[in-house]
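Going by the order they are written in, the chains are A, B and C; count residues from 1 in each one.
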């Protein structure tokens, strides 16, 4: 049946199909991010419960240093702004400007990670020291993995938006998807910062 | 207007034709649906064999059949396999994938490749789980894996269990994303939400539960694995942790999990009854609201699994009240189904019999459920065979009966051939009698002092245990007429034609089996999927 | 609706309710009651059983009746009546279950309260834990406040330790350690329970009481035994390969017999050691 349809006609059919069915991939991604958010919600619930009912051993109350995490928060929030700029540029067809903003976003993201590493090495507690320590590392580590994944995806989109690449004003999905993911990671960090550092 | 929306399944090597499709990475929702069904059934046989081992051990009051830790491995694998490799995949991924695109008037699911990925996570996860038995040790702390016990049993088995469940949970989440997008976004033009077949609403509700609750289990099991591998102390009291927090996190998923297993079955029953009773589904709107009510309530009742645990009085009271309320939307659905039968022209075929068996069994299980929801009642029977009896009435007497009803109902659509009715009736009666013989006495056992997850028990319980095991044997035997029927009818069954049951829903308005693109020509617009008696069927004289 | 239908419906409904009530009163599925709260439990059981029986028999009756009365004749290819809803009926079968469920919930709350389950487990001194450094919280269970108030005496304390795969009972007042639980009839008893390794559960079917014993989180169970005899203590939480064999006994004695047991099992006072003579 369809083996007799020439390739050009198949392509036309698929394009026609693209108009018949809108692109729901961002909706699917948003649903996935709800699920991902619930994983974090579980961690936060555990953390808050431990805080409420499981006191730390005597002499082990940790005041977390706030300067580095606050700087990190600002960096991450800025990176969401720069990512937004990148998206605007791409929609306007200015790939070069988009790519500059993407690189800046990735740089901010990896600086965040470097800051996290620095914080990890300067903390007085290790993973298995006590319940607070374990939960702290589990939550920030899980978030850090998300940032790493996001940073890599930004670099991939940066590569794909080069002249002749597949990401352009007529194929926004890879950038929009990565941007949605990045804003999600940013949002999770804000909640994390509030619960782990400020509370 | 013929559209090929997705890469056509032709003679390209990536999309083989014929039965090889079913072993390939096909993105066709119908192929994937059947892959889920067959794969799930194979795991059902594995889980059933494990149950056979349990009931054999329980023929005598002493531990004399299996080594003690093997017995604990068997009961752990039995629960895990039945829940995560049989019921959840089959009622969601199996029937869901096959039917939902038809019902919304689409050629396929919203994300066909994600769909294939979701299925192909299952066989390796299942093999990983079963392989643990041969690699050192299978998990032996129950499907609930409570710490600290799960931290003290052999690590390899427990970690493999965690890995397997993480993969299966991921598969489930991918499926949930697909169903939500397909139902909300892929409806054909002109088809409103409140015109969808009820199974769509059931799958929408189920998928919301999947997306919201499964990730919490995933996170919890990751923390548990940290406790096992990295010696953190999240749930290990010896290291300052809290074993009850695990229970809260675990049951936050695992209670909705029972609705993930049962809501799709509710939806399937809503499709089968109207066709074989030739009457509209009674109370469409309240059915929809009931599903949503069950979804919301299902998320806030988890601690009724913890009434005897480290829970303070106010918490026990709250969860008693919240749990009791679920009986109301659930009851509404059952009354609606009975009203659907009332005044109809009921064909007493195998699909109908299994649906009626479902109603009887599930009402029984629901009654014991409302009882269990009451704290003072549950304190006596928690973690006893009363609970084992209760949940088997729900998942087996409920969902599995519906799975069988659905197979008898849609097999003609899948294959183009009818299943043999006399064999089907034999299958039903053997199953119904065997099931009730096996699980009804277990309620008495629990009330009178037999805990669950034991290989030895007070000798006064031996006769009742033997009766229960006899019922289990009957259930095992009942599989034979079913298997024979399914296999032989594929080759020699009576031709079914497009619409053997004169159904109105879109899957019956195409050939059996359907073409790749589901319908030749445009997807039919069915605004009254239950319009029986309203518009006389063309075949009515 | 025609009067005859109303009359027959009323008769069937009444018959159903009476049958359910009769079954609830006469079908005894429970073991003997041996604690003060057991008859209270059994009351609840009878009510739940009656309601359940009414509902179950009603539903089965409706299904069987429908299958017989509305069975399709072989030659009839037509449809049934196009009945898609019935608002009064739907309101009825929403309201009645809601009322029944509400009743059951309130009744259960009352039962649990009579059992002593709603009394707080910790007084405010538990929060002083931070100051003294010692964690004295009780994390779950039933406190003796209510049964103490009912009996007018303080509960006899017993410390229960659960481990793989045994229960150990320690009487702090008499300094007795035993593998079996001895209690006097009519005397409130409070069990303070802790586990050494994994989660266990303390269950006496004849008392209708159960409480998990959780390492790191002491729990509590209180009861008054009312019938002398020997009753099993069953571990009711999977705790390892010998979970099924983890059992003990509770021996409910007359007060004199119990006093005898205490006297016989109390550790003898330490002998006076003579001071060594300087050599």
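Keep this in mind: a residue touches a chain if its C-beta (ideal position, glycine included) is under 8 Å from a C-beta of that chain, and two chains touch if they have at least 3 such contacts.
The shown structure was predicted, so the numbers you read here are calculated from the model rather than taken from an experiment.
Here the chain pair with the top count of touching C-beta pairs is B-C.
The most distant chain from chain B, with centres taken as the mean of CA atoms, is A. The distance from the centre of chain A to the centre of chain C, with each centre set as the mean of the Cα atoms, comes to 49 Å.
Chain A and chain B have Cα centroids lying 34 Å from one another.
Chain B and chain C have Cα centroids lying 31 Å from one another. Residue positions 241-242 of chain B are each in touch with at least two other chains. Against chain C, in their complex, chain B makes its touches with residues 63, 68-69, 71-72, 140-142, 146, 148-149, 152-153, 237-238, 241-244, 277-286, 308-313, 316-317, 320-321, 324-325, 327-328, 331-332, 334-335, 338-339, 341-348, 356, 359-360, 363-364, 367-368, 370-371, 374-377, 379-380, 382-384, 443-444, 447-449, 451-458, 502, 530-534, 536-537, 539-541. Residue ranges on chain C touching chain B, taken from their complex, read 29-31, 40-41, 44-45, 48, 51-52, 55-56, 59-60, 62-63, 66-67, 70-73, 76-86, 89-90, 93-94, 97-98, 101-102, 104-105, 108-109, 111-112, 115, 117-121, 139-140, 197-199, 201, 203, 205, 208-212, 214-217, 219, 232, 234-245. Per the touch definition, chain B reaches chain A in the complex via residues 3-6, 8, 10-11, 110-111, 114, 173, 176-178, 180-181, 184-186, 211-216, 218-220, 222-223, 226, 230-234, 239-242, 245, 248-249, 252.
Of all residues in chain A, only 1-3, 5, 10, 13-14, 16-17, 20-22, 24-25, 27-28, 31-32, 34-43, 45-46, 49-50, 53-54, 56-57, 127-128, 130-131, 134-135, 138, 142 touch chain B in the complex they form.
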